[in-house]
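What follows is chain A paired twice: with chain B in the first complex and chain C in the second.
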Partner chain A sequence: MSKKWLGLAAATTSAAMLLTSCGGGGDGGGGTEAEFDAGTTSIVNPSDEQGGTLKFAHSDQFDSLDPGNTYYAANWSFTRFYARSLVTYAQQPGEEGLELVPDLAEDLGEVSDDGLTWTYTLKEGLKFEDGTPITAEDVKYAVARSNFAPDIINKGPVYFSQLLDAGDYEGPYEDEDLDNFTGIETPDERTIEFKLKEPFSEFDYVAAMPQTSPVPADADTGDQYQTQVVSNGPYKFESEWTPGKTLNLVRNEEYDPETDPLTRNRPDKIEVAFKQEENDRDNRLMSGDLHMDVAGLGLEAAARGKILRDENLKAQADNPQTGFKLYFAINPNVEPFDDKACREAVLYGADKTAMQAAWGGEVGGDIATNMLPPSTPGFTEIDPYGTPEHKGDPDKVAESLEACGQEDGFDTKISYRSDRDKEKKAAEALQQALAEYGINAELKGYEAGTYTSEQAGSPAFVEKEELGIMAYGWGSDWPSGYGFFQQIVHGDSIKGAGNSNLSELDDPEINELLDEAAVTDDPAQREEMYAEVDALAMDSATLLPYLDQKALLFRPENVTNVFFGESFKMYDYSAMGLAQ
Partner chain B sequence: MITYIIRRLFAGVGLLLIVSMVVFAIFFLIPRLAGTDADGLAARYIGKSPTPEAIAAVKERLNLDEPITVQYGEFVKGLVVGTEYDSGTDVIECSAPCFGYSFKTGTEVWPQLIDRLPVTASLAVGAAVIWLVAGVSIGVLSALRRGTALDRAAMMVALAGVSLPIFFTGLVSLAVFSYYWGIFPPGGSFTPFTENPIAWAHGLVLPWVTLAFLYAAMYARLTRAGMLDTMGEDFIRTARAKGLPERTVIGKHALRSALTPIITIFGLDFGLMLGGAVLTESTFSLPGLGKYAVDAIRGNDLPVVLGVTMFTAVFVVIANLIVDLLYAWVDPRVRVGA
Partner chain C sequence: MTAPLDVSGAAEPARPDKGASPGGATDRGRSLGQIAWTRLRQDKVAMIGFGFVVFMALVAVCAPLIVRLLGHPPNEWHQEMIDPVLSTANAPWGGMSGEFLLGVEPVTGRDIFSRIVYGARISMLIGFLATMVSVVIGTVMGVIAGYFGGWVDAFISRLMDIFLAFPLLLFAMALVGVIPDAAFGLQGNGLRIAILVFIIGFFNWPYIGRIIRGQTLSLREREFVEAARSLGASNFYILRKELLPNLVAPILVYSTLLIPTNILFEAALSFLGVGVEAPTATWGGMLSEAVDYYNAAPNFMLAPGLAIFLTVLAFNLFGDGLRDALDPRTQS
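Let's turn to the complex of A and B:
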């Protein structure tokens, strides 16, 4: 059932793309004139022209260029230039961009009757940059190294190691015999069978991660592989790359566009400069000297003000939701939040308009009333702790405080990431709103680099320091309720360090619903379950969502085929070209 | 003299050991005192979602469960005799002086330092020439024309130079000279001298001038004050009484004496700058040592922070030694070892 639905979606998408590519340089594929926010839902400046150097800048650097060792949306989007995965996302604006299409595989995954085997067949004629044919074994090796060698490769997600039935396999660096990796079987050179411990209905999304991009075992250099990734996509590394230095990608002559569902070979060359000062980067974007901010997090305050005041510049900007939910987690293990009514007092007392102002007003985000992001399939708007104009409800706060036996209020602490100015301001806004009701919150700032690993993400630290309320934000690993919720509300995701379930929510009903959704084939049924999880999570009164974050993105006039990709929640880099 | 140099060199090595201990303690002890355990430290080196298996594996790989003394001993051992790292498929030899291995970027620290040194050195040398020539000349002129319009104008500009932060003057200069007039290349432009000397200088003009503006202003004020003091000294009056030309009195007698404190400060400034002109490199996105250090601090990349700190400390120690030796040459009143 699931397979048919996804197959139909893929066929529709492919047809739409075919029409687009046949449309020449015209306005095909939903192309539109450059105007504010046009790129959020349509293709701006559509063109089939090829050539030029597409210049990206990064204010920091990728966590890794190794497709098996990275966990940021920007990287996943960017690796599509040189690392094709078994499955990928359609190259379309709007909701259609959330649909999966087979990439290296001939089709989406075929699941066995017992739900324990997912099979993919590689297309014919696929080659690495050196002309060597790509085999199923190369995909198997890629998954083995990225998920089963945590001492060496540990920056990416580990869904495969959680899902695959691989026994005590210790990874290819400890155990060189790949036959001992039983989580994947390769009966012939083109067939890849993933063997699961439990059925998992959303496996195609996992197969869409760059970790399924094949790696030839003899070219693997462990944690050094990012310096010379062996390409199977339209571009390859010009030479061995040194981290921090400018990355240059040139055309891969062995790439065959006929095997590719996407058109991702428009520029002749791609260049990424790292560690670029943010304000300087924005100025370069506006001057057209630079084409794209590859991190896709949006412009700095100075450029935002300039763009919003200037109609011409504003017409080159987009303001989409980033899929990132901003919220405060309330920990029921810290007194007095062991009493639900005390948690409710916080939820009713919050002034979300002040928090929105802290993030720059409407350009910074839309006020959120529930946890599931609006662009997630199955999203249903609910507001169980609604207050007049989102500014707080004094009567409800008083009722809640009385119910938890703290009529005069209480003392607590709010933690935030001290080097994230907007988050700090949002925490201050919450502090001020709660102070009106006698809830005195002390602000505790910690650096972002250690916040999840050592403070808010360490339950022992939270209890010791009595961090009752913690500022946080979360985006989905893939566009479904499971991809969003699993790490932040499932009891099994609670960890001693690096914990993202800050509320330490371990509700059997929520756990069961997520587990059941994982084995449910029907997407519509799954979406209902996620809506239910959303309602239950909100009902726990341990989560105070306040904003669906938005970013102000800029697209220079000389960049073609620009649109916001809903899959990675940033401009779809793979489609871009340059006006010649 | 030789004994003095040897004594100073030993003192320098002792100082470097103390610096390394302090930095090591800051990054290893303080998090522990703040409640972080070895798991938390290990999680710093893992991606967004560290699993217990990954934390255990990284703890073992980085010896995070070992006592701090053992970990520090490993670091010093690496500096002296080198060490080895496992990349998964190969053993990476990190030969002495092994400043460590960045587990965040998967790179050895020493080659990164050496790679970035030309950027920082280019920036520091160019800017130092400008600020010394401009700062000292303006300071001397101001002192000799004390109270005139030239003096006042020069000191006003100097005040502006001292007051305006580099990230302001840098961004303004980029906006005007790079994006508006297009005379100079944008931020992030660095061409090695050996590749193209003209492009090298062209790309560095804005960072040089921006950095030199701040220091020239300070040096102008210092030189002016020094010159005013010296010009009132008895030996200047004696020189003039002997009938020496004014140029000799100022150039050979007054300036030499006034330069002593300038050289002291220059030695420190230049040494520190070779360790990275943090703000200038960040503003102009230059891949130098300063930017490397800032990024490492932001990313909690201890081996890199430790490496850059040690590297900078070496420069400061050497620059101080050279300054001390230069004293004797510049100012006859000073004698080494006196």
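Let's turn to the complex of A and C:
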């Protein structure tokens, strides 16, 4: 049910861009001392000053500015400037940033006793940019268009269509009578009731997606809505936007900060330039001419080297974990990995320090010993296949090889995405490490664009080509073990194509635990279950997690209130302002 | 319309009626090869190029030996040489030392010298084989088109136009992308090299084909061909015994000039990531990886860059010298 952050998935090579200040530079007034990695855990340059133009840059462009039609973490963060959802993530650094707070709704969702109805009540006095009041129908319409019209709106996730009991509703473009959409009921102007097929305890996370941001039905232009989104947040489009052209946001006079749990109205204007060359972007960031790389994927190699060598520049950089787990999946349907001992030989033989080097050393990531990302609530550190200094354990490899009857080693293949240099290097690192034990792996590179849909993600292809070991990476759509694990270890998620459960793991115990977690109300109890899933998944010896990816992000001195938001795994754009 | 090979004596061995053996050897001219060799030897620049080409060929052939003596296995990681934060060599000059002659690659710490030496194998192998493919196809097609003329010539000439208009680079990228795991009894890198040779060689033949056709057109009107024909020699005999020997020089010259082009093409494909599979070292592939580190590790970019540059230059100098040596018009 949960899918990866596409943004992060696409991340490894391209990064995004930044912005420039027009309000003049300066040292953001005596706030927190800026030092390396300070923004990962605290607010750098706190200031209440308003004004200025906050300039973002993007190395490519957004999949869409339509809050209902996007699947990039950066976009989910950026749309908060003009599209408020029912609930949203707290504007806090560190773990507190993972907490949900009511945004348009008065409170978090209220669930009925049978777990099938989640109710939200809109705050009073909410208005669109043209002054019309926001009603429950507008939210209902937004969900209907974003989840039930896959022919027209198809870039975002479709959790609502999976969760809601909507029969065979065909979406608002086919079926103009919104009353036929039974998945949501609106007993009055301010009450929204989501009707679920089955109980789902983490529904608030789904309600936090920008898809619940209200859309007035008469302003909807299908996939062209992104050119003129009707704002309900602090900023609105200055004029109709042409994709590819610079985006300008100006203040929305109808926005009432009193209704907002976040402070997201510091700059006077917001500007996003698209298709900015990465190295040029990095240089402009370092000069303070641009303010932020909006894609939030980090700096290019050239700038990394420069920043890490220069103490002053380094003090303006942060190195947080991205929540993205890098791992190799071992497929037990490919010989000789049908024998667990053979899989263990790979787990014990891997040199994780070399793989870490492949991703840029300590700055590129922290060595991982289990699947669950450390920032996930409930994370418990375990290392069931630990080796001395993570460099591999020759004795245990020899034991494992003997146990699986392949004393002299064996031949296999490692697949990777050929257009991702770091993943390729990590695959080479694994190949080199295994070669020392007689396990000869041939490297097979495939295009990232088809890797999940046609190669590693197609069990038939995997078996035909005998891809025993596959490089992969995964991040969660929302910060919970369910969001992380469901697609990669649950037996039900195995698909003929576009499969992300690359190990084809179908362990009844894991399946049951995840299914049960979905209907368990107590978060603490759920967290325990996720830790258990983690241990079971590791015990299957089909997963070789090696790194918790880290990004190197840059924050110019003239930007205020900068911190890394754990929810979207990039700087929290909503809080930013400019030193005046 | 003088054929460059219209050297006195050149046509002599081709005379079908050469029944009577030439009398005394005293007045017999030197052979074409002897003349060319003498002239080539006097061309110092060409000889330097030739020397370097031979040197690179030896390097490619003896790569394992050279690396055993002077380097490390080309795919072996040396993380002890890499700074864990910066990902580049932890020693000055990109890690250049007696142990690592050209320094180490950023990230992996692999020995750049060893990878250059092994990269020469791929470059030279593909360069030579692809050129052979082009030359064989080009010569056969060129001679047939030029000799028979008429609709045969028209057909082959249009075919050449079509091939010349082919978006070779794009086609190569697309084709290499869909290579199966095993085909034609080959697999892995062997298959990829074979396909690269095929693509580069097969689509480059019209260049040499056109030149051969032009030469053949002028040769077939010459007296010795007329003579052979009037004596009843078959077309095949004339092609083989009268024309081909006279085409050896242009074939040699253009082969020498085609090899560096093909080496560059292979490097370009590797640079674009559609060459042989990692971690096999190729010059183009190294160059492509070095782009990110041009600042932090210039040696990583310079080494393959210079290797390509010097090899291509050497081939071109040698090719130029060979053309001058074989072309009688350059005689003072």
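FYI, the second predicted complex is superposed on the first by the 549 of 580 C-alpha atoms of A that agree within 3 Å, B and C clash if a C-alpha of one lies under 4 Å from a C-alpha of the other, contacts with A are read in each partner's own complex, and residues count from 1 in each chain.
The rule is simple: contacts are C-beta pairs under 8 Å (C-beta built on N, C-alpha and C of every residue); 3 or more make two chains touch, one makes a residue touch a chain.
Fair warning: this is a prediction, and the values are worked out from it, not measured in the lab.
If you put the two complexes together on chain A, you find that chain B and chain C both fit without a clash.
A simple residue count on chain A separates chain B from chain C, and the partner touching more is B. Shared-chain residue A:Glu465: touches chain B and chain C both. When the two structures are aligned on the shared chain, A:Thr353 is found in touch with chain C, with no touch to chain B. Applying the stated contact rule after C-alpha superposition, one finds that A:Gly305 touches chain C and leaves chain B untouched.
Of the two partner chains placed by the overlay, only chain B lies in contact with A:Gly222; chain C stays clear of it. In the superposition on chain A, no contact is made by A:Arg420 with either chain B or chain C.
When the two structures are aligned on the shared chain, A:Lys340 is found in touch with neither chain B nor chain C.
Judged by the touch definition given at the top, the superposed model places A:Val363 against chain C, while chain B stays out of reach. In the overlay built on the shared chain, the residue A:Leu443 is in contact with chain C alone; chain B does not reach it. Of all Cα pairs spanning chain B and chain C in the superposition, the closest are 5 Å apart. Shared interface residues of chain A, touching chain B in one complex and chain C in the other, are 419, 447, 465. The part of chain A that touches chain B in the complex is made up of residues 57, 60-61, 63-64, 69-72, 145, 149-158, 161, 173, 220-224, 226-227, 242-245, 273, 275-277, 279-281, 283-284, 287, 289-290, 419, 447, 449-450, 452-454, 457-458, 461, 464-465, 487, 495-498, 500.
Taken in their complex, chain C has these residues touching chain A: 75-77, 79, 82-88, 107-109, 177, 181, 188, 273, 277-279, 289, 292-296.
Here chain A touches chain C in the complex through residues 300-302, 305-306, 308-309, 353-354, 357-358, 360-364, 418-419, 421, 424-425, 427-429, 431-432, 442-445, 447, 465, going by the rule given at the top.
Partner chain A is touched in their complex by these residues of chain B: 31, 35-37, 39-58, 60-61, 86-90, 92, 105-107, 112, 115, 171, 174-175, 179, 186-188, 282-285, 287, 291-292, 295, 298-300.
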